[in-house]
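Shown below is the structure under consideration.
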């Protein structure tokens, strides 16, 4: 039924949006396409899984912890990989390549250590409650997903607009050299952005792992294509764009799966990506970069 | 003398697959060299290779087209695809091209898996006759390397290096930027498609999972390891990285890890790769 | 006395700022034309508009009567326009000779396949190209450094190489973006001598420069910009005495005082 589909789509879309937030944040601020981002997604999920299994932690503990650990891992990995790149101003392609290599190595390492079978959260990790509204079934899990996504977006927005850290991040995004000259500690700000981005990715990992009940080391990689699509459609570096495009994509995918076919669903992200690149490469909210001499 | 000949024969027999792979990967290395020599980053070589492989295999298996026609067609189809996706992305910064080509590979994989009746789905296509012998593969490889060498020592080679160093300045020199970018992408697609078809006609089997993201990254690591100073450099990089797993057999599981690490180390510390030579650009 | 380059109503507007406002300029063939103005006057933007690195918000540009407003830089080079850059954009990994040969890109016309097969026609053209490149290097005094990696040249030498590279395109109009920047008086003198020699080669020069002495000495005609608009135009003597120009550079108070003392 249509309304049920739309609800499911909104849920899926929220996860896409959440996943893409951290990704687009790091691009908007650091002008870096950080492919290791997908790894933090997996890290969050596995940390939460570990806590749920060995310490019988509930989601209210596992989610924040998973996100936290992912954020910390992000700070470490990003500083190792990206400081050098940023110092030599080697450009976006170099950061793409480095993070590409790194993420591959990291995924493979994780796969070798943990194994590639699909794992699931233990039964009872989240209450099985659900509600019915006029024929539409909404489960606690789904509410949790959308709720968390919205909450995190709101927190991120407030952080960026109302706090001093947010101001520093926005200054850095505008003009790194000027920010440095203003006395902003660029390295610390970069670490904060890395942390935030990893945190968001990790949170997305837990929630998506929960939504599909499937966790394996390469899960981040599968999301990356959707992530690319969302950030390009939304506009590189734009947070509103990531939100809108993510939700849009989620809804479209569910509707396509329901009314056309399951296989067509896979093509939705790519088709819209291609159309965007063709007709409006800057995306919904992106600003065209003027080429300078 | 006969002992040598016997030994050579034995050697070739035991390692035939490897030697074949070395040649095919050499062609793939040249394919990415094409675009990287201009300063572009296309990660579509694996995707184009897949298109060439499936085209070639289908032409041979389902339509019985003679091999001398199959090869050029296996190069032509990927070239057309390159024209279609390259055109619009030309106006954008290199990152968009990289993303578009990554996406292409993934989508094609979904296509191959789902178009079961044509592509054999997840099981792929098997029973492809052996038509590509070592002479053909290496012959083509040598011709291509020489071709790149001669082109490199002309205004085209200078234009390419100029674009890699400073695209804006190259444009001001009069280099037709869109033409060169598109040309490089198309050439790269042709080489990759050729490599795919050659591999298909010697490995007997192709499947949908061989041409995805991981493979594209492996091809990238050929060029990153060897460098792009001369056309031969990435080929050597390819040979080293192809032969390495044989040498490091116990580390089989870590192959992807090593590939990934090579890329990281190369970009961070060896921006020119391990081959330090640079092609002279004047005759 | 035909205008080689004509700009009409050239305007460049960025989001909040109008960098170039409705500028008209005519550059006469065979002349040396200077563009001056205080910092932020819009000189470099104007240059970028003329060379094609930026598209104007409105206005037109014609080169030898041909509308080039919408053409990308490489097409303009083909039509006879070349430029140097304020911050010297050298192809550092290439040798000095290779840089100049790259500048020659639009004048080498043998098709690619002939290069591939190294046919005699291709080889002859490369030889001729190299000979001309050697001539240009001789002109700028870099003949002995032809095979040196251009990245290792001294600053002044790189500037001269840039000029040789731009000349390799056999331009009708050569744009020089602050050619004397970072040079000491001796180097500046040598540069002026070099640029004067170019007049014999039928090359029209359009330059942006801060060094007043250099500009007054070299240019036949000067256009003055301030805040994106043209405030004066004329030969060096006229410009030197133009009150609007003096005011733009020195401020109104000093300009008034000067006017009073000179009156």
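A, B and C are the chain letters, set down in written order, and residue numbers restart from 1 in every chain.
Quick note on the criterion: contacts are C-beta pairs under 8 Å (C-beta built on N, C-alpha and C of every residue); 3 or more make two chains touch, one makes a residue touch a chain.
No experiment lies behind these values; they were computed from the predicted model shown.
Colleague: Which chain has its C-alpha centre farthest away from the C-alpha centre of subunit B?
Modeller: That would be chain C.
Colleague: Taking the mean of all protein CA atoms as the centre, name the chain whose own CA mean is closest to it.
Modeller: Closest chain centre to the overall C-alpha centroid: B.
Colleague: Hey, how far is the Cα centre of subunit A from the one of subunit C, in Å?
Modeller: One centre to the other, that is 48 Å.
Colleague: Approximately how many whole Å separate the CA-defined centres of subunit B and subunit C?
Modeller: Result: the chain centres lie 42 Å from each other.
Colleague: Determine the centre-to-centre distance between subunit A and subunit B, using the mean Cα coordinates as centres, and give it in whole Å.
Modeller: Chain centres of subunit A and subunit B, defined by C-alpha means, are spaced 32 Å apart.
Colleague: Two or more other chains in contact with one residue: find those residues in subunit C.
Modeller: 51, 53, 85
Colleague: So which bits of subunit A are touching at least two other chains?
Modeller: In subunit A, residues 291, 293 touch at least two other chains, as defined above.
Colleague: Where does subunit B touch two or more other chains at once, residue-wise?
Modeller: 168, in rising order.
Colleague: Which of the residues in subunit B come into contact with subunit A in the complex?
Modeller: Counting only subunit B, the residues touching subunit A are 41, 85, 88-89, 91-96, 98-100, 102-103, 106-107, 110, 114, 168, 213-214, 217, 220-221, 224, 253-264, 266-268.
Colleague: Using the touch definition up top, name the residues of subunit B that touch subunit C in the complex.
Modeller: Residues 147, 150-151, 154-156, 158-159, 161-162, 165-166, 168-177, 278, 280-283.
Colleague: Once bound in the complex, which stretches of subunit A touch subunit B?
Modeller: 33, 81, 84-85, 92-94, 96-98, 100-109, 112, 221, 225, 228-229, 232, 263, 266-267, 270, 273-274, 277-278, 281, 289, 291, 293
Colleague: Quick check on the complex: what are the subunit C residues that touch subunit B?
Modeller: Checking each residue of subunit C against subunit B gives 51, 53, 72-74, 77-78, 82-83, 85, 89, 91-94, 97-98, 101-106, 108, 112, 115-118, 122-123, 126-127, 130, 165, 169.
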